[in-house]
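Order as written gives the chain letters A, B, C and D; numbering starts at 1 within each chain.
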Amino acid sequence: MQELLCRLVAECRDECSSGGVASYIPELAKADPRMLGVSVLTTERTFFQGGDASFPFTMQSISKLISLALAIEELGEDCVFERVGMDPTADPFNSIMRLEMVRPHRPQNPLINAGALVILSLLPYRDGKTRIAAVLAWAGRLLGNNAIAVHEPTYVSEKDTSDRNRSLAFFLRSVGSLKGDVEDLLDTYFRQCSMSVTTKELAFLGMVLALDGIDPFSGERLLRRSTARVLRALMATCGLYDGSGEFAVRVGIPAKSGVGGGIVAAVPGRMGIGVFGPALDGKGNSVGGMAVLEHLSARGNLRVL
Amino acid sequence: MQELLCRLVAECRDECSSGGVASYIPELAKADPRMLGVSVLTTERTFFQGGDASFPFTMQSISKLISLALAIEELGEDCVFERVGMDPTADPFNSIMRLEMVRPHRPQNPLINAGALVILSLLPYRDGKTRIAAVLAWAGRLLGNNAIAVHEPTYVSEKDTSDRNRSLAFFLRSVGSLKGDVEDLLDTYFRQCSMSVTTKELAFLGMVLALDGIDPFSGERLLRRSTARVLRALMATCGLYDGSGEFAVRVGIPAKSGVGGGIVAAVPGRMGIGVFGPALDGKGNSVGGMAVLEHLSARGNLRVL
Amino acid sequence: MQELLCRLVAECRDECSSGGVASYIPELAKADPRMLGVSVLTTERTFFQGGDASFPFTMQSISKLISLALAIEELGEDCVFERVGMDPTADPFNSIMRLEMVRPHRPQNPLINAGALVILSLLPYRDGKTRIAAVLAWAGRLLGNNAIAVHEPTYVSEKDTSDRNRSLAFFLRSVGSLKGDVEDLLDTYFRQCSMSVTTKELAFLGMVLALDGIDPFSGERLLRRSTARVLRALMATCGLYDGSGEFAVRVGIPAKSGVGGGIVAAVPGRMGIGVFGPALDGKGNSVGGMAVLEHLSARGNLRVL
Amino acid sequence: MQELLCRLVAECRDECSSGGVASYIPELAKADPRMLGVSVLTTERTFFQGGDASFPFTMQSISKLISLALAIEELGEDCVFERVGMDPTADPFNSIMRLEMVRPHRPQNPLINAGALVILSLLPYRDGKTRIAAVLAWAGRLLGNNAIAVHEPTYVSEKDTSDRNRSLAFFLRSVGSLKGDVEDLLDTYFRQCSMSVTTKELAFLGMVLALDGIDPFSGERLLRRSTARVLRALMATCGLYDGSGEFAVRVGIPAKSGVGGGIVAAVPGRMGIGVFGPALDGKGNSVGGMAVLEHLSARGNLRVL
């Protein structure tokens, strides 16, 4: 497996050149587009790695899974999905249009920015400080690493270039879809997006979801079975933004991407995978990362769809 | 299994009352909303059935799978998906808006009406007569029943109430997304939608897709492996119209619905399922059929997501 | 005045080169983009002309005024504006989007294509033949020329390239905004658009509207005062498609354009103007015609806004 | 005239009951929906008044004319209309949709909120304090009252309920349509909207515009002729939000409304009119105010369209 991963990274590295690093957040624009890495965690409780598997990057949209899991566990599915839909959309992740057009003004799903903001606003914490502390604690559990921290330069960079998300948040509050202090909420959102990980942590998270919520090493239950399933189903239909359908065709595994270049994938019952490659396609998904997942899925006969 | 299916139908029949039969096609409006049936085909090559499993109904949108399979087999994936996208959408199945708004004017996926019309137009037949003959022949193969026929009263009824689809087709031709005689194309479309089946045929189709394109009885290859996978992936992300995400959460199996009340589901490697219940929810999906699939998935541990 | 008009045409002819003739209707694409003409009818009952004032062209959207006047006179304002709005829109003249998006599915105003189709469908005639006969008779009255005829080659050309209007009409019927035989309706629509005129007839029409509905020569009342005012108000706010605001700023006179290159303008109480120049801007308005009107308005102190 | 105005107010007061006061800004919600007043300024330099003509209210959207006039005078038409369009729209005044949908991301016109925010951002002042001082100074000139002041309770109320405008502003900055400090800009915007006037000041403003920019009493030129005409043309096509077309039909005079209940109207060369009635229709226009203007236009033969 180790060897396979190294070979896959070598083969796919060239594909990265068709993409570009995220340009709208200056800190992300500094990334090296040739980087590519992968980690795999199997039921034998062994991590296999290839390429830049240990290079740190920020979770970005992948962090939406953490706060969504936290919200469902704390508040229950019904409460959460009364405020946010469950269905995929063809609109880009930061779109505001459908919110104005369709009533009720409910974000289409929790994995687009509007949905993630509503999810964060539902978390029952008294201020941003306790809220991000709770998110970090949950991130530590679900990523198998208690030392998860916010990457300050990225957080600062996001905060400085956040007009679109700020617009989304104020819109949501203007239509009653979101309550509370917007700046405080955005602060949590940018910190959450800026949590630093490597592919290893993503592989751990993928394996927790693959095992219906069980810690792959300790056997402890970290999430209710139903929560893990909701997350996998949303990943399968909405996990790669408006490119989710094509990913399902090419790879066929539930996954969630972030514009930091990471993708987490969960092969139910079998495997957790984390990939990293900061060169993105036009929809915000890692070009090299998707290529690695496609080949890994094909050779390992991993597809579930 | 037989017993389980009967019990499921009995339990779910009451849920049908929250839905209503399709009202925009007079022939469909005649259906009895209390009907509910299910057929299952397993790897043991045995059909199990419950409720109104043998009651005939029209395929409607499920037929989009037949012509899509035919188009991919005849023309190749690249040719097909150059003209039609692969990604889900939050718009209703008959929406025209995004086609005007987004360039290129390409239908979002082959399972919304606009996409299905483009797919049909790509089929390399010289007129409507040979085109529908080819679709019927493929339907016979993929449904395991060479006697598949068009239900004339439904076909006539669809044709008489087809303004929205006619509008879609002329729009697509006006932007160059579709070529050829529109009335001839719509004629094939309405005939295809009006193909009459029972849950048994849907279970057969589901099993063909579950087996990566193999005939479950003869072992003959009916579809390329890749074609079966493309269909399953599209079913998982776009199969229940703009309700595909919620279905993935609740049921977790690739499936395709039709406003005739049918749903076909494919559990990879394990099972084909056909359900029928003409009472629909607001998005056009069978209320009772989804309930049966949800319980069957849970009790049989069938979910793949 | 005669001399002024000749000078204006000479000065403005060069501006035509920034536009292009309508390309989507082959017959219109044959026009010479350098042509430019103008006719003016004043309260002294004298026609003044300059340039290609007597060159025949088809009315296109200007004909919407004829059938709208007929509908209001026959059915009353209330009946008409229950089915079609009165307000301008930023959408292009053939847009279908807002019809799907906004409820009730009522065209925004009678001067976009969707609105004009609904207006025609309201006319109480038993078939297309009597309907177009009535429109032609009204055109004769309002244009001061009983010999108004359909330009057959343009009519045939429009009919052959009419997918977008056909799509609009079927959409309108699918949402209940329009009743009756669509092909029959479109036939009237294309014939109406293809009525052949010169700038002289447009100047006459402009003067009828300028005089609140009075025939400038005979003094006979051709339209109710209120009908003439409704038309002028709609021309002022919606007469140049999605370029109506800029025209109001530059010219400040109620007017209506057509993609055949004509524009009719009505200076209340004072003057009727017809211009013709087939080179169009991106919104479908005559580049040279607008230039002539702008200069004429400035030098003659004609603006009312 | 005095008598006519009193009679008109008495006749129209009952129509107010079909409207409701603006509810989204608490301070505006306190207004008495039965109030109705009118002031008229004629070429004889005499003010005529009826009803609650001297009751103070806030300008709201009418203030957009002040800052637009200032921007055109300071920067020139070309500079202003490079950044904001001139054409009417069917979208509500606070809509964000078209900005996302259409490129370039330019507000449709300066009289919708998005356009007004861009206009304010163009004003070449170093901070909010000098910017609002300049706006107030211009308001004093154009309203004929150097004591124009911000109504503090309304300003505070607007600021507290401003999520939608904040969303618009951040969106505009995210797409590069607006530069500078958003909170500072919004502060000017809310102060501008909260300038307190009576119908007398609106009648004065209307007369300045009617006289092509001349102070009706001193004869001093306050605006360039062309600026006054641009404002009148925009009022005629976009002045009553998405109800501008119907107002043109019913009244036929350039006018601008505000959700405070005021409307200013300019009858070119003849008259300035200010009306006030806080009961609004669904589009945000004063019900009683429009009724007064409709009757006044009809009886005084004032319409220019």
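Throughout what follows, a residue touches a chain if its C-beta (ideal position, glycine included) is under 8 Å from a C-beta of that chain, and two chains touch if they have at least 3 such contacts.
For clarity, every value in this text was computed on a predicted model and none was experimentally measured.
Taking each chain's centre as the mean of its CA atoms, B is the chain most distant from subunit D.
One simple way to say how far apart two chains are is to compare their mean CA positions; for subunit A and subunit D this gives 47 Å. Between subunit A and subunit B, the centres computed from C-alpha atoms are 31 Å apart. Computed from the mean C-alpha positions, the centre of subunit A lies at a distance of 55 Å from the centre of subunit C. In subunit C, 101 are the positions where the chain touches two or more neighbouring chains simultaneously.
Contacting chain pairs (ordered by label): A-B, A-D, B-C, C-D. Looking at the complex, you find that subunit A touches subunit D at residues 95-97, 100-101, 163-164, 166-171, 173-174, 182.
Interface of subunit C with subunit D (complex): residues 85-91, 98, 102, 108-109, 229-230, 232-234, 236-238, 242-246, 248-249, 252, 254, 268, 303-305.
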